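Letters are used for the chains, namely A, B, C and D, taken in the order the chains are written, and counting of residues starts over at 1 for each.
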């Protein structure tokens, strides 16, 4: 595991910063909770002030001062451009193709960017019952592109998903296209070790960049299939001062606010 | 027409054993007071419906109130699992749970169809996922104009919907604002509707992003201040994030859970006493 | 993202000859200023979409702007017929009108399907009426769960939607309140969206029954005070019922109509001048 | 034509009063514009203060001080319990079966209470192009029962409709039931001459009451088919002082307000 702390930042911070950089200014972004929400808000507070963050609770143009713990925190409604009902956010915004980027996490991912957030083990007799689909399947279906953020490990990056909750590039190649979805599927997976992108033809996730200090061996070791590596492997630019400062401020404000609200 | 009654009376009169019951509230305005009353009255064999089963259903499932669950995401937001739910699914404790699992978009559209008195709704989804393999209430449907194939899901029409709102007026109209989620559709899809509110007011003020559910769509309104705690009521009180964190070790353990519910839910008269009980005993600190 | 521009520029840039154009506003907030601008720019061969074609479409149809009409109720509310519409249908003047006729519920659901990126909507209606005999965009559909037969109507996705609202903020978000009708769905179903507003404000106040359309769903916002006249803008000005009455003899007569439009619409620079023109000349008294 | 004025009220006033009496207190009533709106508001201001008036513009529990000229007057929203979108009023309220009474007018009616508001003459080459369907077909389809109000004449009460816009009892008997509608169809037609109700079996409209001064001959003369007359024909109770006073006050307030608002 990359010892980011010796570099002055953690691997999670690198992952969040790398993910945030992907979000273009003025993009309409459907945000999952957790690291996706951190990354999207970091982008909004740095290079993408015009991004429009949507949470599945119906908040459009959310501008949280502190990170929400859930997708429906009051903080999200407070400064939003609009708040609409849940059917509207899914039908009139997501399904309608108004979302440029869907930002998702997952428990498991396969080589084609399909995601599992339902069970580990069998569905009928699960080893671990996970929360389930939530909004992920339709974000994966309808967002113009999908960014996936999760820590890389053999438990998460698996040869075969226990359950396909959300479709990425299906069985690879043009198989996603045949499902009739309007969204383009995953374009990037950002982990704590590096960045993966689907091969243009086969759609198999390929390591295209490593974060500073991470190695190809580490990445392969943390992947449950035989990970393809790009010939021109890049190294991620480390977090800038400003990025780290804004991210840490955000997390501090969040921690302080959570204490404050308690009781 | 809504009658303003006590919550005990509302639950006793409108919720029957074996009913399909939807308690909705998307993170915001979760009807905890009503859920506790259902548990206290030992309602049985309920099929619980909810997009986001979280602590409120963890408590009901753990107490054996539910025989089935229709849902799309079950967890403790920002914290982790809901362990009573997991225990029921993974080990059948206190008894097995018949599950009907959908996505958020599917659930939302099922409520929309129910509220519209249509037998089904149409959406773009489910194709290529494993959900159709485990959930029978998903079917393909073809557009009669374009020939395109889409997905149909059947309407949800719960016997009872329960929601919490900020205010009612004296005629029983109900106002809620902030994140209003799926509550309008949940209420309008149900045969009977119970609403708990923070307070009764003479007249509603205008609120940004607010909706008003007319009295004629509601059966009972009960005043339950802080009735959505530990979730929140926009402009009334914030979400108690610490409670959600502190729930984890309680929900994780069958015995601790049982003691907590015995002491703070079964052993109290109503929600006001519940709130005093957990505060005085520092139960969540 | 909405840009705040002049109405002339918005119409010139966003409305093309041959487009399908929906001007919506259910009695309230009817976009007269934008309609006049479309007429002044002599847009041609438009297929006009509107649940309730009234004076605004009477004017456009009479001026030969429309080659087709998709609608559910065409009249002068509380007064009687819209005679330019009748003249087009009954005598093909100024030229025939290709009609696609639905019910309100059908039109509303067609917009909902369009806004949802679905190819069709489902409702209970049309069966046993003569509408399916004259309108091809009505088809039976069977519920895959219950076998029940219902009616499908295809989505509406106009090239351009035009609505009028009370306010925009400086980012181009748009607020409307009072009777909001079908405007949200009309705007969200269209490829391009023009909104005229009474004024631009720094921040929206909360309004009962209000909605906010985010800037990102809008292409152009143009400030047109009294731009819904002679219809009304809740909290700004009332409906001028006398105008609707006085329109009847004007609309009834091809020549009078032509002169009125020449003088008060074609012969003015914009809507502010139109308002001065009809007031100063006592044209509607 | 009944010379109501000699009686101290007009035939239209009798019609409106008779229609208003039908509306039970606390009924949810979907109101068409014109005489239906007059009658429904007269009921609300007299014996049915708990009635909930819905207009298709989305106003629920409207309490207009003056009669609206259109279904979307600001007056309707001002004091309503709630105002919802047009899709909601049709889907969540009307189609959902929440409407007890649909109150409709029409240009033409046939013996089974089917209505035409579309064309006179052929659809392709109409003699008179009428406004069209509006909300009527679904009100006729989904309201638990439908009240119809229109002046009785051979032009309006026709042997065969030029166009079936809204379904009443279809072809009579149980033919409506086979169409799959959830609403019960017309239960009463109130005219300026009397009151018609569908026969329980055949569903053919039958004259069951005459307004004071009207005769069976007049009614038959004003009907385009061989009008059936009930054996126990009743006479409508004439308008009461209070009913007339409230109705005339309402109409005066309306006229004054319309003048006032002009300009």
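FYI, contacts are C-beta pairs under 8 Å (C-beta built on N, C-alpha and C of every residue); 3 or more make two chains touch, one makes a residue touch a chain.
Keep in mind the model is a prediction, meaning the values are calculated, not measured.
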For this session: List every chain that touches both chain C and chain D.
Result: B
Seminar exercise, completed: Farthest chain from chain D by C-alpha centroid distance is chain A
Exercise. In whole angstrom, what separates the CA-based centres of chain B and chain D?
Worked result: 41
Exercise. So, what's the distance in Å between the C-alpha centres of chain D and chain A?
Worked result: 57
Seminar exercise, completed: In chain A, the residues touching two or more other chains are 82, 91, 95, 142, 182
For this session: Could you tell me which residues belong to chain B and also touch two or more other chains?
Result: 117-118, 123-124, 148, 150, 184-185, 208-209, 212
Exercise. Which pairs of chains touch each other?
Worked result: A-B, A-C, B-C, B-D, C-D
Problem set entry | Interfacial residue positions of chain A with respect to chain B in the complex | 33-34, 56-59, 68-74, 76-77, 82-87, 90-91, 94-95, 118, 123, 125-138, 141-142, 163-167, 170, 176, 179-182, 258-259, 261-263
For this session: Report the residues of chain C in contact with chain D in the complex, numbered from low to high.
Result: 26-28, 51-52, 71-75, 77-79, 81, 85-86, 89-90, 101-105, 108-109, 111-112, 123-131, 133-134, 148-149, 178-182, 184-185, 208-209, 232, 234, 238-242, 244
For this session: Provide the residue numbers of chain B that touch chain D in the complex, in ascending order.
Result: 1, 115-118, 171, 173, 184-185, 188, 211-217
Exercise. For the complex, which residues does chain D have touching chain B?
Worked result: 26, 28, 50, 52, 60-61, 81-82, 91-92, 95-98, 142, 182
Exercise. Which positions of chain B touch chain C when the two form their complex?
Worked result: 117-120, 122-124, 137, 139-141, 143-146, 148, 150, 152, 154, 204-210, 212
